[in-house]
Amino acid sequence: MGANGIMLSIENLTIAYGNIKAVDNISLEVNEGEIVTLIGANGAGKSSTLRAISGIVPYSGRIRYRQEDLRGVAAHRIVAMGMAQVPEGRGIFGNLTVMENLKLATWQRKDKGDIPKDYERAFGIFPQLQKRRDQLGGTLSGGEQQMLAVARALMSRSSMMLLDEPSMGLAPMLVRDIFQVLCDINRAGTTILLVEQNAHMALSIAARAYVLETGRIILSGPGKELLGDSRVREAYLGVDA
Amino acid sequence: SEKGNTVRIGVNAEMTGDMPAVGESCKKAAEMAVKEINDAGGIDVAGQKYKVELFVEDNAGKPDQSASAAQKLITQQKVHAIVGPNATRYALPASEIAESSKVVMITPWSTNPKTTLDAKTNAPKKYVFRACFIDPFQGRVVAKFALETLKAKKAAVLYDVASEYNKGIAEIFKDTFEQSGGKVVAFETYTTNDKDFSGQLTKIKKAQPDMMFLPNYYSEIPLQIQQAKRLGINVPFVGSDSWGSQELHKLCGNDCEGYYFSTHYAADAATPVATKFIEGFKAKYGTLPDDVAALTYDSFGLLFQALKSAAKLDRDAIRDALAKIPKYEGVTGNMQFKEGSGDPTKSAVIVQIKGGKFVYFATANP
Amino acid sequence: MTYVLQQLLNALQVGSIYALIALGYTMVYGILTMINFAHGDLFMVGAFLCFVAAVTFNLPFVPVLLLSMIGVAFLGVVIERFAYKPLRQAPRVSAIITALGVGLFLENFTLALNPYPKQIPQLLENTTWTFSGLSVSSLQVFVIILSLVLMWILDLIVRRTMVGMAMRAISWDKTVAPLLGVPVNMIISVTFAIGTSLGGAAGVMYALAYPVIDPYMGIMVGWKAFIAAVVGGIGNIRGAMIGGYILGAVEIMVVAFMPSTYRDFIAFVLLLVLLIFRPYGILGKPHPQKV
Amino acid sequence: MSVLKAENVTHYFDGLAAVSGFNLNLEPYELVGIIGPNGAGKTTIFNLITGVYKATHGSISFAGTEIVGRTPSAITALGIARTFQNIRLFKELSVLDNVRIAHYARVRYSPVEALLHMGRFQKEEEEIIGHSMDLLAFLKLDAYADEVSKNLPYGLQRRLEIARALATRPQLLLLDEPAAGMNPNEVSQLMEFIKWIRKEFDLTILLIEHQMHLVMNICERLLVLDFGETIAEGLPRDIQKNPRVLEVYLGEVKC
Amino acid sequence: MMINTSRIKQFKENLETKRWLLPALLVFVFALSLVIQQFELLDPYVQLIIMYVGINIILTLSLNLINGYMGEFSVGHAGFMAIGAYVASFLTVKVFPTDMAAWLFPLAVIAGGMVAGVVGLVVAFPSFKTRGDYLAIVTLAFGMIVKSVIENIDALGGPRGFLGMEKLSTLPWVFFWVLISVWVIRNLIYSNFGRGVLSIREDEIASDLMSVNTNHVKVLAFTVSSFFAGIAGGLFAHLLQFINPRAFDIIKSTDILIMVYLGGIGSIAGSVIGATVYTVLLEVLRPMGIWRMVFMPLVLVLLMIFRPRGIMGLREFRWFVPVRDMLASRLWREKKAGT
């Protein structure tokens, strides 16, 4: 893929909270149409990276989305540019109904007329949600909440989706479902940057992967390749090398 | 200890806090009195002409600040005498300081008997005076007026329980009224800053009084009367000197028409002194003076008269001259300090509200 | 019976006003978990704007109401931008103390401009109807109805509109909202505008019902409305309404059936007892503390 | 006698069973691990043991004493200490003060003695400082004693939490995801460290962990939780082969 | 290693020698205040202001214990002050023989503080269950209840207030009580209980789980805090010689709050500075008239924006910190090196 194919590029990103450097000078890129995954232990800086991309934490370095520098662009404007995030812990508004949660995600959209079509698309992907349209987000089961979070990101008409640990807290069956949906969405044209603890699963669907450790990228390469890497196997898959 | 060749007079007034309007009136009258005497060339004390210099301190409607204002006037500004504070709760702490510093303090408006008395011995304080009559007198005047003139048998009282003035006068009214054969059928209270009295008034209505006594501040009177009328209480309303602000007309409009209150003076039955003051005040500030203004002006008048007869310009000489004033003709009537007391002998008047004016109705002598 | 009805009616009027002010507290709290102690003083500013509009500009009721609401809303938004926004990351109490400071500033600034209490002219025809001893004034009815209508509208805004949805979302989680494209600062400003404009409306209503106003009028009413908001469950719109009516009812009913001297004492003791049994207010829920 | 015995412990949140029918018997000096997917109820079990939540049903006894219904501070004073999944240090306080606070229950002097600086006060305070510093030195944190704890790097914050827990002189130590945020190297060190403190302080240890490497290597026994229920229990070796457990942690999707 | 140790020793000795300066200075000032009192050396106005400053320091310190050190938000502190003021005044005026009042004055003040302290429990108990804004309401309502109760007790003069106290609060007495309150709060804060108080502010749950008996700590903190508020009340009453319920209303509570947050939370030095700056500034700006009341809140708002924790927030004047605490780690190292 050429330069045009680069959807998101990050150069020399550093994020610090006070004295603590959460992310230390990392660079990575995501090409259009790819699933790229970022794995690493707790506190490695994965979520911080996503937050920086979405413009909700200050950072140094350069983040470009479709060639545009995102520095100084307000978080809600970045969403309008077509990049949505499914945050860590799902970020469902427990006091809003399923429908309201979805509706809120259309805040930045200009093409109000197309919105109904997108509800249909979302409900097509997650038929379970349709049955629970008027239920409060807080009362959904974990898996349903995660689906809602993904559906919500779809509603903002994003061409790129950032997901922070979508498998967190899900029963194995649901984990599989969610990953299946991610593959489907990706095949339908959405670029995905996926942060995961469930390294095995993530590596198996990702085109490429980066391994983050205490704020630094220590490894990168095609997903399948890393799946076989002994260091990865030992550290993240709980399998003795 | 006093410095310079001016007579230095301090004002300790409630400029901020819970009764800024009182402080404002007090300050205006003080400035007017001082300007008048200076325009007339100053004041003669023991054969020498002095200009009068005024020092106004805000007591912020707080007892501690009232004390520090008094103390500041005494030791920093080195005043010869102090006028104010007006409300008893601020006058009391200031009076303790004036008394112990041996500086004359005249409160224009504190009608509580305790202000001029030593709290321990109940003997009069030596340096504390007032320009107004005291609550028991006023309470009795109103009670007598209600019984004799209004022929009321059953009275209702609504007063602010958190305010010493209102409570004091309400209780004296009740005692006098019941001793003289009347009956107080409702004795209801509220708390300062309340604006809704509907609960109390509904209860009062049930008690079916012939008259209602409202010894409360003028800014509350319109609300109380309007709400009472709206509930269908149509009896005469009677008040005390705290009604006596020209602002009452602005605030009350027609609702207060025809009602009575006891006060210090009546502008229409005014003596030439009073007329001159009223005209002067109107010319200077564009409003009619209220009784805080009149009493402040009289406090200054008392001081000036005392100064003229003082043996020398000195705090003790002023106090002696003041205590011995033969008779002072003031805006609020003639007065004289009772032997060895800071309380003047003076009469009260009952005025009626008529056509947006306070109209003289009767005089009550002590 | 008439007596009880009359007192109930009184309670309803007092409660409506408390509820209206409590709503403003609750809206701001709901979204920022910040107690806007300046709210009572914004309410006072509303009453003074009513005076200016009605007396200086001689406007009739509807423009007066709108002008006060808009004026106070504007002031609220300005205060939020300059005094509260810089403190969003600071300890919560700093913002509360700032709000206290802003309130004191508003009181004393107004006082510096107007030392005397002001009278509000009768902007609305006020007739009193009597039904077998029960007095009902048109103003009373109007205050109660307008309060209810404003509350209803607010409830609609918060429950049904996109902006209301965003407000609820922000109150649930401030950090996620921007990730969905919701402009958080804008919504907070709108919330302040709505919350404070309700304070302004309450100021006008109060000024009509109790037409003598002064710069310190907001202090006590403000504290009481805050109590109402907390009793109802702070952050909860319907809770604020319920809290307001409860406080109004308690105050009036103590006076109605007990010596009025004990009103404050009994009213506050009752509120304390209520808080002991429902420590988070009537409709409030404790924020679950995840360990 | 067993150190901790939980029998049929059940806990509901708003009608949802976060833990149901949980049983556990810890022998002295045992090192037992609890694993399971997120939200399985692992932390809730810690909260039930330490008194943060009161079990809806069931009983928990510590060294023979029933502890359900006691306050957390009382339970801690009995000899159970813990660390937290999401670090809960006293952020604005110094590292040393964090550890000193954990001595609370063992102080014998009264407030009056503290006021008057009477003998016992001086002596105990010095002892506390000495003990705290020794502990910090033991855990190689003494160099940071005067540092404000929120300024420590993540890994040291975790270690400080352990130091703080040890300062309460526990018999039973509960560690909630102690390896979270550590790289494989650090995890290896942590494994040694846990074994070492167990020996030094003669502890019984119950730990929650997601890092299989750690769990499989140091735990003598494992419990696997899912949806509040214990789905497997046994030796790490057996657990590792248990198909149901494998399913919880691994899975495959064709993309 | 040798060099290092000796340097610490030197530092410690240095600190310890200089440390005598502060108590010495305080004793000197106390003696001075006695002399001033005896020979009327100071302008009574300045004396009065200094006494206000002193009383406000006690109030600020005591509220800082709850709001600053423990991290609660109590807004009814004037209520405790009222209790102390009324109890002490009632004793000196109505109970103690008149000629003995001056001698028994300290007793009256202490009694006022103790009653206030006991009543402090009333607020401590709800604090077991509620926190934050709900506890704020409890304290607010408490303040209003105290005011309303006093208004209804005729023996205390009701709204008319209580008077007849002699001017028994003198510079030495106020100074003495300031010293006591600073000393008590400092010694408590730098003890086990004080650490408990701080840990509640930082994280109440963790504190409980680190064996801190949070209920005990809260009871102690509320009792000590209200005790000193009561002491301040007794001094205040015998300075003004007149008290009424209104002097202890919500506005007074607000003033105390402002002094706490102005000076800085969780700091003795902050309380001293906050109370002094606020009191003195109010006096100095008196010539501004109404505008002083406009100006002061602006100062407060600006300070909060630029220093959200107040002037000395969470910092301490180093001589207030016991050597044992300040040099804890160094002394330990020194000892290790020695053995």
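Which chain is which? They are A, B, C, D and E, in the order written, and residues in each are numbered from 1.
Basically, a residue touches a chain if its C-beta (ideal position, glycine included) is under 8 Å from a C-beta of that chain, and two chains touch if they have at least 3 such contacts.
What you see is a predicted model, and the numbers here were worked out from it, not measured in a lab.
Novice: If each hop has to land on a touching chain, what is the smallest number of hops from chain B to chain C?
Specialist: 1
Novice: Taking each chain's centre as the mean of its C-alpha atoms, which one ends up farthest from the centre of chain E?
Specialist: Relative to chain E, the chain with the farthest C-alpha centre is A.
Novice: Could you tell me which chain lies farthest from chain D when each chain's centre is the average position of its Cα atoms?
Specialist: Of all chains, B has its centre farthest from that of chain D.
Novice: Rounded to a whole Å, what is the gap between the Cα centroids of chain A and chain C?
Specialist: Going by mean C-alpha positions, chain A sits 42 Å from chain C.
Novice: State, to the nearest whole Å, the distance from the C-alpha centre of chain B to the C-alpha centre of chain E.
Specialist: Chain B and chain E have C-alpha centres separated by 38 Å.
Novice: Averaging only over C-alpha atoms, locate the centres of chain A and chain D and give their separation in whole Å.
Specialist: 32
Novice: Nearest whole angstrom, what separates the Cα centre of chain A from the Cα centre of chain B?
Specialist: 76
Novice: Tell me, which residues of chain E touch at least two other chains?
Specialist: 147-148, 151-152, 205, 251, 290, 293
Novice: Residue numbers in chain B touching 2 or more other chains?
Specialist: 16, 18, 20, 161, 191
Novice: Residues touching two or more other chains, restricted to chain D: which are they?
Specialist: In chain D, residues 52, 84, 88 touch at least two other chains, as defined above.
Novice: Write out the stretch or stretches of chain D touching chain E in their complex.
Specialist: For chain D paired with chain E, touching residues are 50, 52, 71-74, 76-77, 81-82, 84, 88-93, 96-97, 100-107, 109, 111, 114-117, 121-122, 125-126, 128-130, 133, 142, 145-146, 164-165, 167-168.
Novice: Flag every residue of chain B that touches chain E in the complex, lowest number first.
Specialist: 15-16, 18, 20, 56-58, 60, 62-65, 67-69, 71-72, 74-76, 88-89, 92-93, 96, 100-101, 112, 114, 119-120, 160-164, 167-168, 191-192
Novice: Where on chain E is chain C touching in the complex?
Specialist: Result: residues 67, 73, 126, 129-130, 133-134, 136-138, 140-142, 144-145, 147-149, 151-152, 205, 250-251, 254, 257-258, 261, 265, 290-291, 293-294, 296-298, 300-301, 304-305, 308-309 of chain E touch chain C.
Novice: For a test of understanding, state which residues of chain C touch chain B in their complex under the given definition.
Specialist: Contacts found on chain C: 3, 6-7, 10-11, 13-14, 108, 111, 115-119, 126, 128, 130, 133, 135, 137, 140, 206, 209-212, 214-217, 219-221, 251-253, 255-256, 259-261, 263-264.
Novice: If you look only at chain B, which of its residues touch chain C in the complex?
Specialist: Residue positions touching the partner: 16, 18, 20-21, 23-24, 161, 188-191, 193-196, 198-200, 202-203, 206, 219-220, 222-223, 226, 230-232, 247, 250-253.
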